[in-house]
Amino acid sequence: MADINKKSAKILVFSTEKISDPAIDMAGLLKLHYPPTVYTISIPCSSGIKPSWILYAYEKGFDGVFIAADGSDCVYGESCTEKTGHLVGKTHNLMKERGVEPARLRMAAICSVCSESFVKQMRTFNEYLLKTLHA
Amino acid sequence: MEVEKGKTAKILREKLGGIPEQAKENLKEYNRIKKLILEALADGELTIKQITEKVNMPSDEVVYYLMSLVKYGIVKTGDVDDMDEYYTYKLNK
Amino acid sequence: MKKKKIGVYICHCGGNISDYVDVEKVRQAVEGDDIVFLAKTTMFACSDSNQRDMVEDIKANDLDGVVVASCSPKLHLLTFRNVSVRADLNKYTYVHANIREQASWAHSDNKMGATEKAIHLVKAAIAKSRYADALETNKIKAIKAVAVIGAGVAGMKAALSLAEKECDVILIEKESFVGGRVAQWDSLSTTTETGKEMVKRLYNELVKHENITILTNCEVIENKGSVGNMLLKIKKTPRYIGGTCHPEDLKRAIEVCPVEVPDEFNFRLTTRKAIYKNYPSEYPQTPVIDIKNCTRCGACEKVCPAIDFSEKEEILEFSVGSVLMATGFDSYTPAYGEFGYATSENVITLPQFKRLIDTQSDKLIYKGKEINNIAYIYCVGSRQTDGENTYCSRNCCTSTIHAAVTAKTKFTDINNYHFNRGLRTYGKQEILYADSLSAGDIYLQSYEDGLPTVTLEGKKTIVKINDILTNGREIEVEADLVVLVTGMVPRADNKVGSLFKIPKGRDKFYNEVHMKLRPVETVIDGVTIAGACQGPKNIAESVNSALSAATKSYSILSKGELETDPLVATIDPEKCTWCGACEAACPFDAILKIEKGTKVIADINNTVCKGCGMCAPVCEPDAVNLIACSSAEIMSMIDALV
Amino acid sequence: MAKINPKFGKELNKYGAVNFNACYNCGNCTAVCSLSTEEDSFPREMVRLSALGLEDDIKASLKPWECYYCGECSTHCPQEANPGELMMSLRRYLTAQYDWTGLSGLLYKSLPISIAAFILTFVGVMAFVISVGFELEKMLHFGHLFEMIAIGTVGLVILLPNIIKMWYLTILKPKVKVPFMKYVKSMGELFIHMFTQKRALGCDDNQFRWFEHFILVIGYLSLLFTTVALDWFGSENLFVIILGYVMSAIVFVVTVDFVGSRMKKQKEVSKHSQPSDIFFVVWLFLMGLTAFMVRLFIDLEILEMNKWLYIFHLTVLVQWALIIVPFGKWTHFLYRSFAMYFAKLKS
Amino acid sequence: MENPIKNISYDALVIGAGIAGGETALNLANTGYKVLLVDKELSVGGKMIMLSKVFPTLDCAACITTPKVSEISRHPNITIFTSSEVANIRKVGDNEFVAKVTTKPRYVHIADCTSCQLCEKACPVNVRDQYQFGLVGRKAAFIPFSIASPKAAAIDIDNCTLCGACERVCPTNCIDFTMQPEVFELHVRTVVVATGFNLFDAEKMPRYGYGKYKNVITAMQMERELAPTRPFNTVLRPGDGKVPDKIAYVLCVGSRDASVGNPICSQICCMYSIKQAQLLMGALPMADVTIYYINIRSFGKGFEEFYQQAKGMGVNFVKGKIGRITEKEGGNLMLRYEDINEGKLQEAEHDMVILSTGVVPNTGIDKFFVNENLMLDQFNYVGQSDMLASPAKTSIDGVFVAGTATGPMDIPDSILSAGAASSEAISYLIKHS
């Protein structure tokens, strides 16, 4: 089993209950495969993620963190994109301070039907992380 | 009338004066075919095609009875052949 | 604190999960956890018998919480919360793990990986379960009144249905008259009643109900509060006609009005004056002055004493418990030159054609020319392969055939040529198609990659097609009139939709929560959707959805009280130093500044807070946490996932 | 490039077509037809051409003749559009198109004109019998003469030019190139189909219908041969007399069955029978019956009665030879065989 | 044994516990009305509960039906009578109906059954399982299907040999052969007819060979083959157990066909066939799936996209109605059709054929009403007295109709129609309270 898992990086995904969760669920429904070491924690809105959580994830051993943001579809209002962007910027700074490569945090808007784009994101992120961290 | 629990079938049987002919026939037929199929499988795994030849019955009947036996856990499904066409079936021991 | 005791159920989902995830292995992996009292696998966790078993397990073992690992929580979170409730647990002690969509299905190519992931996911759920405490829902008073937005047939029927259920109804129409699209049609398919008669009948029923307030010329401009108690601000544009206007006076007023503008009611086929009424029996009976186009020349005032330019715009306020959206659709406007639209004078749209046949008698005349040969081009603006509208507009096939048959019956010497992409007269509408065929209508079908073309040759308008039904031969028709069968598109003006933050689907129509489980509800609590604003529909289908939405809105409010989610933000008064960052971040005005003892801190209005968590990351002292998504919980989940 | 003529349907209705416009082009008729092939797919194609009114294509087509009307397509048509009857109507329409005199079209489309024609010929026969003073001998003699002249004239003046027109419409006008040798080599096709209707054997309905038809054709042709070439009514030869009896009996027995089923209109094929169809079988039946009776009366020497019987027979004969053979349904005997021949040329 | 007629009162009687009847009952019950839900089958859930996945979202049908079904089963305001049929309904007042309902004996006391399946194991009988559409057998003592509700055993008395084996093994003694039919006389204030539809009997089109050719099956049978509780555990041809690789769908079997008496379009077959085709492509990646159609009717929300998706996945769509099917040696089938795109007659060989049978009315509903006339429409569906403005109203005041009893419709439309029927029924109950 270890062999299989070595081929993929550990990625923590913060997804949102109403928008990106359905897309990730649909990726499963459509049997669009991505590495099984991608784990999802679902929260109401991507602009509610605390930078401390992300830093904690690296500390605990996650290779990468991905924010599946609501984008303009957010049910809580259009300010979500801007706020999520802001907190990512803040986290990047904190990461730099701690010597964590900022590229290990990625964000993309995943709409509720963006299953394919989610899977693509996961695959490229995984490849990137494997190349930079496990090479 | 006090009815003893667990023995009510007898009461109905007496009331009806026996059991329907068709139910009896159906059971007999099932037992016969079940026996044939199980005997055929006794020597090893077979595909439905092979069972059909062995028991000399229409293949759709074999499918029906065999699948029922699979459902009841008496027979189990083996592997599919190289052409991905036919599965084999074997006794579930 | 006493150690928690929870039960874990891992679902096979009849193979959907167990074909790829070794559920027994998952069970064994979590069995030993200190708070896991029992761990079981089940064929269908959602089945009635398993639910019964769960209730028994909880009661018999005095469990404090339950974790079910099965499909997406979208499907069964509520189911299992209810199971917990039936076992006398608080529903928030329930935690769900999604090991189907996010494990077995997503990783069906890697059974070991899927199993490993499932184990982690269930462990994370168990970690979360440690923090999942009993929460009490907020009970709030629900105002037994519904605002129905849009007074088309769907809105009118919804209003009637609610009024019959002893709900107060505010029926709000942006236009000056009620009836929406149906008022624009005379003949309707499957009935002898005209659209106008149907609107009249519904209106007469509406006015019988004292608990219905009909507001025309009105728009919702502000929405405060949330389900149960929503305060709506409504802008009412004046009609500038006071009281009742004598019909003769009105006639004269219209005559003297010097302004002529394209008449939207007739889809710009004709013009109307600045003072107008679309048809005699229109409701409300009072005409209206279109103030945007009025030049205030005062000519009408002189002939009609009821006209009153001193009327002012009003702002009305209503408190309602729920909002039912029935804002309808727009008809697709073809692009310039699309099948000759706007470039050929013989090309019109289906709604225009329908108005044309309604307004003419004996002979069909368009632009002074008698029309005999009519070409209908289907799917204009629908089923686009290179445009945005990929969907089928559902109703246009039937609507076109109905219009074509009506034209043929009403006028002499009409030849109908239908250039279609495969007829979709579903259900009983098939009979209409058969009738039109028998009557001699000719249908030509284009290949998906070869739509018909409209060309102008001198004054002639030629429609050409490679007809599938004639072995792909090129066939041409010289048409006197080309009717573009335009589909339904979402309303271009979506101000009211944005006001209520109603999400849209791929097709840009309002999106329901679930097509089958919750077809008239939106993710916004208390806001339901009805009719064609949710997607293309015919009249009967719109009415069905309107009545469904009315039932849903009513059932939210019928008890006079409702419960809101306790999953809101919390403030740690110790840490809070009131900087105002959270207040600025909250899109719902749910954060207030309060004085607590000597300290000024933030406070959450629980009924308004939607629990989005936007306030949490902006808090420098980390005083804000979301219930069920607190830092402690998230971090313990991260621990479990690693 | 083709232009639609929506009025064509109305014209076709006059030839008996019913409800073919209802077709929604599912192709079921083509798919259930046992004679339809990948190379020759019908009847939907003909239904479509008719609905669009593409007359030139219809005139150039031989497909209507390739159908032997078993009725399967109509029985199973989901829109009840009667493709089988459309094919029948197209055959009538084409017959009218091939006929240079235009009389076929008139007779098909108008029952009153048909009846008038029958009355007119009857009047002619009466005028003749009055002119010969009701003398049976003279009538018999003239009748025999008439048959021979009529066959020759109708054949040369009407039918031959019509066949040429058919050839023009289906081969020449659509510019089908056919080498001369093919004309010669394919001749066999013409005769096989003319006498056997071989193709109809491929039909899905019972083979009995084909057999009946075959017997009828053989019976009719033999009867024609017996009366015309062997002068049955005048002959003393016992073999000829018996042959005539047998042949006429066959004709009238088979036609009784045909008339019967036309009357009952139970089978799909006879649900929509037109007057022209009924005239054809009834007159055939009457010819068989009266011929049989006339010879019988001669043999029984009931000569006074026979006068009237013969007048009846002669009337039927004249009407047959002057109306039904050149302009009526009889022509399908020729057109069908030639259609098979031409189809072979085209293939 | 004499059966006492039981008198009970309810606010509403809902006839038919399919998705429409169930939704109606829930809506009524949630607003506080007492509902009696009657179904002739052993389980509630109607046809939907038998399906594999549903278009266009591909949710599994069980995932949508089971939560509804368990909500219905548990609702304090809903009483369910399964194996029960309405004998007659009499209107006795302005807003009162008396319905006579007969319940066939199940020979199992539902409340005591734990669905342990020991009886099933013990039963020696094997008959064709109606819930698997005859593809596989079941016992005479059986649980209808795994997600049935009530999930309790039943005895198929017609095929039972009364050996008593089931009784002997039953741990709770819930099997009872002395059960008698019961007759109830129910007082209700309103009636909702949600009797659903029947599927066209494919044997009425002998040219397709259904019943004769074993590898010609109906779409409902394929639905079972694809469902999680499938009879063969994979997709096989019932003729010889081969994994099919060239599968054909024949659309419009018994719909849009006046020659078999059903001229209207069934409105669901195109979509369910496309759905099954997609599922088959998933289940048998090497298989070829061809759909023979007249017109594809993907008219609903997300339907057209679903159709295009199927095309993208490689499902073949051929325009042309199948005229005849003939069987070849070895069980393969020849399909004869005109390829409309080419205008040519074609023959294609497939190893399995699925007949997408249409929707036909469930007849006899009008006979329920003894002193009122429940009008039917020209196709024998329940007539709508005000089709556009009040689609749920029937010719009888106080009797409403929901779902496919009024004509073919898909699941979302059935649910909306049920919403409308419940709205009308609630308004009626309030008006007459």
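As written, the chain order gives the labels A, B, C, D and E, with residue 1 at the start of each chain.
Keep this in mind: contacts are C-beta pairs under 8 Å (C-beta built on N, C-alpha and C of every residue); 3 or more make two chains touch, one makes a residue touch a chain.
None of the values given here were measured: they were computed from a predicted structure.
S.K.: Could you tell me which chains make contact with subunit C and subunit D both?
M.R.: A chain counts here if it touches both subunit C and subunit D, which gives E.
S.K.: Quick check on the contact network: minimum steps from subunit B to subunit D?
M.R.: 2
S.K.: By mean C-alpha coordinates, which chain is most distant from subunit D?
M.R.: Between subunit D and the rest, the longest centre separation is with A.
S.K.: Comparing chain centres built from Cα atoms against the global Cα centre, which chain wins on proximity?
M.R.: The most central chain here turns out to be E.
S.K.: What is the distance, in whole Å, between the centres of subunit B and subunit E, each centre taken as the mean of its C-alpha atoms?
M.R.: Centres of subunit B and subunit E (C-alpha means) sit 28 Å apart.
S.K.: Give, as an integer number of Å, the spacing between the C-alpha centres of subunit D and subunit A.
M.R.: Spacing between the chain centres: roughly 82 Å.
S.K.: Per the centroid of Cα atoms for each chain, what is the distance between subunit D and subunit E, given in Å?
M.R.: 54
S.K.: Using Cα averages as centroids, what's the distance between subunit A and subunit B in whole Å?
M.R.: 53
S.K.: Provide the list of subunit A residues touching at least two other chains, using ranges where the numbers run on.
M.R.: Residues 29, 31.
S.K.: Return the residues of subunit D touching two or more other chains; collapse runs of consecutive numbers into ranges.
M.R.: 24-25, 45, 79
S.K.: Counting only residues that touch at least 2 other chains, which ones in subunit C make the list?
M.R.: Only 423, 434, 469-471, 506 qualify.
S.K.: Residues of subunit E touching subunit D in their complex?
M.R.: So the residues of subunit E touching subunit D come out as 207, 252, 256-260, 263, 294, 320-324, 336-340, 343-346.
S.K.: Which residues of subunit E touch subunit B once you look at their complex with the stated criterion?
M.R.: Touch list, subunit E to subunit B: 121, 124-128, 135-138, 140, 158-164, 166-168, 170, 173, 175-178, 214, 231-234, 236, 238-243, 245, 286, 331.
S.K.: Could you list, by residue number, the parts of subunit E that touch subunit C in their complex?
M.R.: So the residues of subunit E touching subunit C come out as 27, 30-32, 54, 57, 59-60, 62-64, 66-71, 73-74, 115, 146-147, 149-151, 228-229, 256, 258, 263-267, 295-305, 308, 319, 340-343, 377, 379, 387-392, 407-409, 411-413, 415-420, 422-424, 426-427, 430-431.
S.K.: Which of the residues in subunit D end up touching subunit E in this complex?
M.R.: Touching subunit E from subunit D are residues 24-33, 36-38, 41, 44-45, 75-80.
S.K.: Sort out for me which residues of subunit D touch subunit C in the complex.
M.R.: 1-4, 6, 9, 19, 21-25, 45, 48-49, 51-52, 54, 79
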